[in-house]
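Got some structures for you, see below.
You will see two complexes here that share subunit A, one where it goes with subunit B and one where it goes with subunit C.
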Partner chain A sequence: MLSTQLKNQLIEIVGDQGVLDQPEQLACYAYDAFIEEALPDVVVFPKSTADVSQILKAASKAGVPVTGRGAGTSVCGAPVPVRQGIVMGFSKMDKIIEVNTRDRYVVVQPGVVNADIQRALAPFGFFYPPDPGSMNTSTIGGNIALNAGGPRCLKYGVTVDYVLGLEVVLASGEIIRFGSKNVKDVTGYKLSSLFCGSEGTLGIITEAILKVMPKPEAVRTLMVTFGDLDSTAKAVTDIIGSGIIPAAMELMDQMTLNAIEDAAGLGLDRKAAGSLLIEIDGVAEACDKQLKQIVEKVNENGAIKIEEAATDIERERLWTARRSAYGVFAKIAPDILSEDVTVPVSQVPEMIRTINDIGERYDLTIGVLAHAGDGNMHPMIAADRSDKAQWEKVERAFTEIFQAAVRLGGTLSGEHGIGLAKSAFIPLVMNRETVSFMKKIKQAVDPGQILNPGKFV
Partner chain B sequence: MLSTQLKNQLIEIVGDQGVLDQPEQLACYAYDAFIEEALPDVVVFPKSTADVSQILKAASKAGVPVTGRGAGTSVCGAPVPVRQGIVMGFSKMDKIIEVNTRDRYVVVQPGVVNADIQRALAPFGFFYPPDPGSMNTSTIGGNIALNAGGPRCLKYGVTVDYVLGLEVVLASGEIIRFGSKNVKDVTGYKLSSLFCGSEGTLGIITEAILKVMPKPEAVRTLMVTFGDLDSTAKAVTDIIGSGIIPAAMELMDQMTLNAIEDAAGLGLDRKAAGSLLIEIDGVAEACDKQLKQIVEKVNENGAIKIEEAATDIERERLWTARRSAYGVFAKIAPDILSEDVTVPVSQVPEMIRTINDIGERYDLTIGVLAHAGDGNMHPMIAADRSDKAQWEKVERAFTEIFQAAVRLGGTLSGEHGIGLAKSAFIPLVMNRETVSFMKKIKQAVDPGQILNPGKFV
Partner chain C sequence: MKQGLQNCGKCGLCLSACPVYGILKEEQVSPRAKLQLIKSHDNKSLESTQGLKEIVSRCLMCGSCAAACPAGIDHYSKFMEMRKQMVADHGESPAIKSMIYLLGREYRLKFGTGLAKTGQKMIPDALARSFKLGNIPIKNFPTLNPKPFRTQQEVIVPAAGDPVGSVIYFTGCATNYLYEDAGKATIGVLQHMGYQVIIPEKQCCCSVPMLFHGAQDQAMSNIRANIEALDPGDVEAIIVDCSTCGEALENEYPKLMEQGDDHAAATQIASKVTHIFSFVNDHMDLLTFDTAGDNPSTVTYHAPCHTRNNSQGHLAVESILKQLPNTDYRPSPDRDQCCGGGGTFFYEHPQVAGEMMAQKLTSVRNMEVDYWVTDCPVCRLNLAGNLEPQDTMQVVHPITFLYNALKA
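Then we have the complex of A and B:
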């Protein structure tokens, strides 16, 4: 429980309208898209960096936890306030401060929605590459805190590759700024990368300078289906192996395809064991040439059907299918767990076989969705948490999936983050000394342990 | 002075052959390509991570500084052991451990020369993009410690964008490992980026997993000359502004062109006020199209002469001119100072005017070389350090250059690092709290301050 004194301080800083403390209000800030929940004591909405600084000073003095929160679309539990305290929302810090396509950057506040940056850039023929599945709702502050990825990160890289500079408020309330508007900058430690993916445990991001890119002049989008999953995966490694790096290469298995078809009736081939949504972009002539090479490769792997999007509307339809996968899969059962183990791309076929095998052994519905070109797999298990026996199987299945990924040279998370979901599995990929190194940094920067406590560090 | 006990310990760890302590030997490890020098007490050459760990344990216990050193090609003084102690060389840890082009990575020891990685990858049709001017001699350990850039980083990004994972030995001798062979990995803090550019102040890199890329099928190289420097710079911003991102876009002013011509007689146009070496790569058809667009843009800016390299030999000749610039400029006077202030690309013309103006006011020979596409400028001053009055002017000129860059939205260093050269100027770009934040991290990780002390943190 928060002291009345602290609550009054918060009201003084952000005003009556900026503080929520009624149970029905707090309930909206207790969860993300992972399964665990925890009620905060209070939710505050700063309007400025100065507000954030004052809130953190007050919280530090009182020793009360502060957990930053964007749109709550995280799937690893990162913004769930497991130690209660203050949740800090950024809906009032949602301005695009500067758009400068000549020098290829934008300056934004943390509450700006990813898609709004895209909209602001479109008239100039530019875009911001990282495109998490949640891009229509997730905020850039959350994207940075979780180092978000997305389908086109295969070619373009993830969030950390686009953060040029940050303004961050530390637990002490001190405001630090680093990086710059320059795409090359080696002045001091690369702090922007340290904060990117730190899941709110080191500081609160209050402003970001992001690199943006000119939109490629042409895009080609293909949906290819296969008779078995092995060939689907093999086509992926063959395309990448031939030196082509598509913008995106999304794999869906039969279960996922059918779940989408049930829900959306998009005309997908229900009998296909696997499908690839492949997108290439760039200079038109280069796209045409690569398209031919890709068609050759998928044919060599026994493609059943190759469908090219002839118009923007058709392209949108194919992407809608892909983007809706998580949502429709979530409707199969009361609960869904989606993971994002990642393996070297040559191990994708083996990893898919292993996931299927685990699903059969535990008698679980596991759909496979993958950003296959970079080995980032999203096994999704639809299950019922209230069925204890089944849920235990779910947990054992995921443990085996993590172990298999690591055995194949992979890692726990490609883009979702660790949060609550995967903290326990960190020893699979890091020795004690490395974990202790992270804790030393955390301790040095947040000695009172008030920033998003109870997470991976 | 090192204690006999510590020296004996070092000999025990690496053997007689792995320790140098004679004055004439030490002198070879006292400097880099910056102007300051400092003799170490001893130089050791570990053969393994275990050796590095034992050396650091011994040094920590004795409170003796340890400074890592690659090939000593740094131009900021980073490997100069200003507090003496141990210099650690990596010529015995120079193995390429794994080349895996299917999964797009290599695993290397820190002493591997950048160009040797390129040679190991070439037969597979792959390359490692970061290409510092020193690539034929500089080692990957140094490249990572300094977050090296290079001409083609305009399109491909700098070293930090290619470090997937590291093994690092801490001051305590503990060995930590993080990152993985996966291009996407968000497991814990992004430590690979923290060490990249840390200039040996946080730990000693003993192994690296680097991302590699398929070689583009085609390359086109152009040398374009202009009648004035303004038009040269304007052509750069026009090309970038049109949405084309060349692999490289190198600017040289008249003074630099003539210095090269004096030394190498490559047939460059001595009357040109400015020149651009432009390279594009990718799918052949895309290169052809972009080449036309680039020719249009340079013609719009009054290009005097456009020369396309028709063969690999001609291409090599153009690049030799560019790559030799630093070396030939260094021969104009006894000393050379080369800086690498960086500005947003739209400010390149203004920055060049400012540098010329500063040169005139102080009556100094300042050549301008720039990775112009990303605003990374290399003003070079040839002067005589023994001429005190002149050297004072050099220092004042550089101070003004740093101030001007920051005023234009730029930063102190795009790729050379801070080292000894620019520590004093950090307050121009970072507030006290940010500097103190870096110091906190340093203190937490290296409480005895033995790792490369006396540098920027």
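Then we have the complex of A and C:
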């Protein structure tokens, strides 16, 4: 329970409209898209960096935990306040402060929704490359704190590659600023890397300078289907292996494809055991050439059908369907667990075979979907948590999937983050010294352990 | 199949579709949160409070969340059940109560002996009074039809020229009491197409206002009366000019009658319900237009949420507007943005509704059009009600616009 004194302080800082403490309000900040839930004691909506600083000062003094929250679309439990305390909501700090395409950057508040940046840039012929499937809802603060990726990160890189500078408030309430509006900047440590993926455990992001890119002249989108999943995966390895880097290359197995088709009715081939959604972009002539090479490679791997999106609307429909995959899966069973182990792209076929083996062995429904071009797998298990026996199998299956990924030279998470879901598995990929190094950093900047406690550090 | 609460994966995709979340930006008003709250309330981990009722009421019942939800959750029914529970626990505001009472009694008042005459006068006045609030200035409230529309019509209106078939017309309350021009145009267009139009005398309010306000029991007598009145026989379609009525007849009636002996009748009615523009779009060959004149009217369209989310009728409206002679159709960048009307939402939450409206007004003013058409009476009331004296565009139902374009 929060002291009345602290609550009054919060009200003083943000006004009583900005503080929620009724049970029916708190219940709405207990979750993200993962399965664990925990109620906060209070929710505050700061309006400025100064508000954030004052709130953190007060919380530090009282030793009360503070967990940042963007849109709550994390799939690993990162914004779930497992140690209660304050949830600091950023959905209302949502201003785009500056759009400067001449110098190729934007300055935004943390609550700006990813898609709103895209909309603000479109008239100038620019875009912001990181495109998580949640882009219509998720915020830049959340994207940075989880170092989000997305389909086109295959060619363009992930969030960390686009953060030029940040304003961050530390647990003490001190405000720090690093980086600049320059694409090149090697002044001191590259601190933005430290905060990308920090999951709100090191500081609260209050402003970001992001690098933006001119839109490519041409975009081509292909939907390719295959008779079996193995050749689908091999086509991915072959394409990337031959030096072609598409903007995106998404792999879907039969179950996923059917789930999407049920929901979106796009006329996808339900019988295809595997399919690839491939997008290339760039100069028109170069696209033509790449397209030819890709068609060659998929044909060598026994592609059954190759279709190209004829219009922008068709292309958008394919991507909307792809972005719905997670939600569509939720239909199959009450609970859905989605992981994102990542392996070197040459190991994609082996990893998919392993996931399917594990699914069969435990008799579980596992759908496979992947940002395949960069080896980022999204195995999704649909199950029922109230069925204890089944849930135990789910947990064992995931443990084996993590182990397999590590064995193949991969890692636990490509983009979703660690949160509550995977902290127990960190020793699989980091030795004790490395974990201790992370703890030292945490201890140095947040000695009172008030920022998002109970997570991976 | 529509899915239950437990199938919400909390993915958050519905947040971007929800107009109320878009303005307030607080999770608790989001569709995802409302489902969570309903779940917690159902499993008794959350008490029923006035605050809970308040959150549940901050909703336009626009259906945009369900349309965006990849898990196929039926938000509409869940919200309706919850609203009923909340009203049972905490009561309803006097203005809303009187509206429900009046609409619920509409049928009985009109046809009950002795009360008939006073009933007809009473309903519109009191209805108007309960709506003359919210974010709409009183002076902008539309004047009522001098006489309820249906009382001015024959029950069977013959086709003009050779008859090609017959249809039933379900007028809805708005056309009956407020917007008779839409009724006249609907009948006119159908006649022109060669349809005989049957306007069953005993039809009454579709009940949606009551269902949205948790008054299911009151709604039931209206629903039964409508099911009886609308017996389709061999008519080609049951035409609606309002998508909200359409949605109720098509989806809610069969669901509510699931257990009752009226289920078969409700299903039969549901299969014939058609938005007037979808109907016209399928029969464009039956229309002849007045092609004279060289001063095209400029027009833009506001697509009501219920039209977009239930019948896709908005695509028909837009496609027809694009084809009309002497018409300069200007697609609006925020055609699909909710105007904040939402049944009684504009009355209950004027500030939020006002913000939604402000965005729409700016863009329509920039478009410089003569007409701003919309096929939902609440949207129409809301759009027109928020115009300033210097705004010259007229807000009408697109069917009126279409009717005026026909060759006499």
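Methods note: the second predicted complex is superposed on the first by the 457 of 457 C-alpha atoms of A that agree within 3 Å, B and C clash if a C-alpha of one lies under 4 Å from a C-alpha of the other, contacts with A are read in each partner's own complex, and residues count from 1 in each chain.
The rule is short, and it goes like this: a residue touches a chain if its C-beta (ideal position, glycine included) is under 8 Å from a C-beta of that chain, and two chains touch if they have at least 3 such contacts.
What you see is a predicted model, and the numbers here were worked out from it, not measured in a lab.
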Given the touch rule stated above, what does A:103 touch, subunit B (first), subunit C (second), both, or neither?
-> first
Report for A:23: first if it touches subunit B alone, second if subunit C alone, otherwise both or neither.
-> second
Now for A:185: first (subunit B), second (subunit C), both, or neither, which partner does it touch?
-> first
Classify the contacts of A:170 with the two partner chains as first (subunit B alone), second (subunit C alone), both, or neither.
-> first
Mind working out whether A:111 is in touch with subunit B, subunit C, both or neither, as first, second, both or neither?
-> second
Of the two partner chains, subunit B (first) and subunit C (second), which one does A:194 touch, if any: first, second, both, or neither?
-> first
Comparing subunit B and subunit C in the superposed model, the one touching more of subunit A is B
Along subunit A, where are the residues that touch subunit C in the complex?
-> 20, 22-25, 27-29, 31-33, 45, 71-73, 89, 91-92, 94, 111, 113, 115, 134, 136-138, 263, 323-331, 334, 336
So in the complex, which bits of subunit B are touching subunit A?
-> 100, 102-105, 125, 146-147, 149, 153, 157-158, 160-161, 170, 174-178, 180-191, 193-194, 196-198, 213-215, 217, 237, 240-241, 243-245, 282-283, 285-286, 288-290, 342-347, 371, 374-376, 409-418, 422, 426, 429-431, 433-438, 440-441, 443-445, 456-457
Where on subunit C is subunit A touching in the complex?
-> 3, 6-13, 15-16, 25-28, 30, 33, 36-37, 40, 46-47, 49, 51-52, 55, 69-72
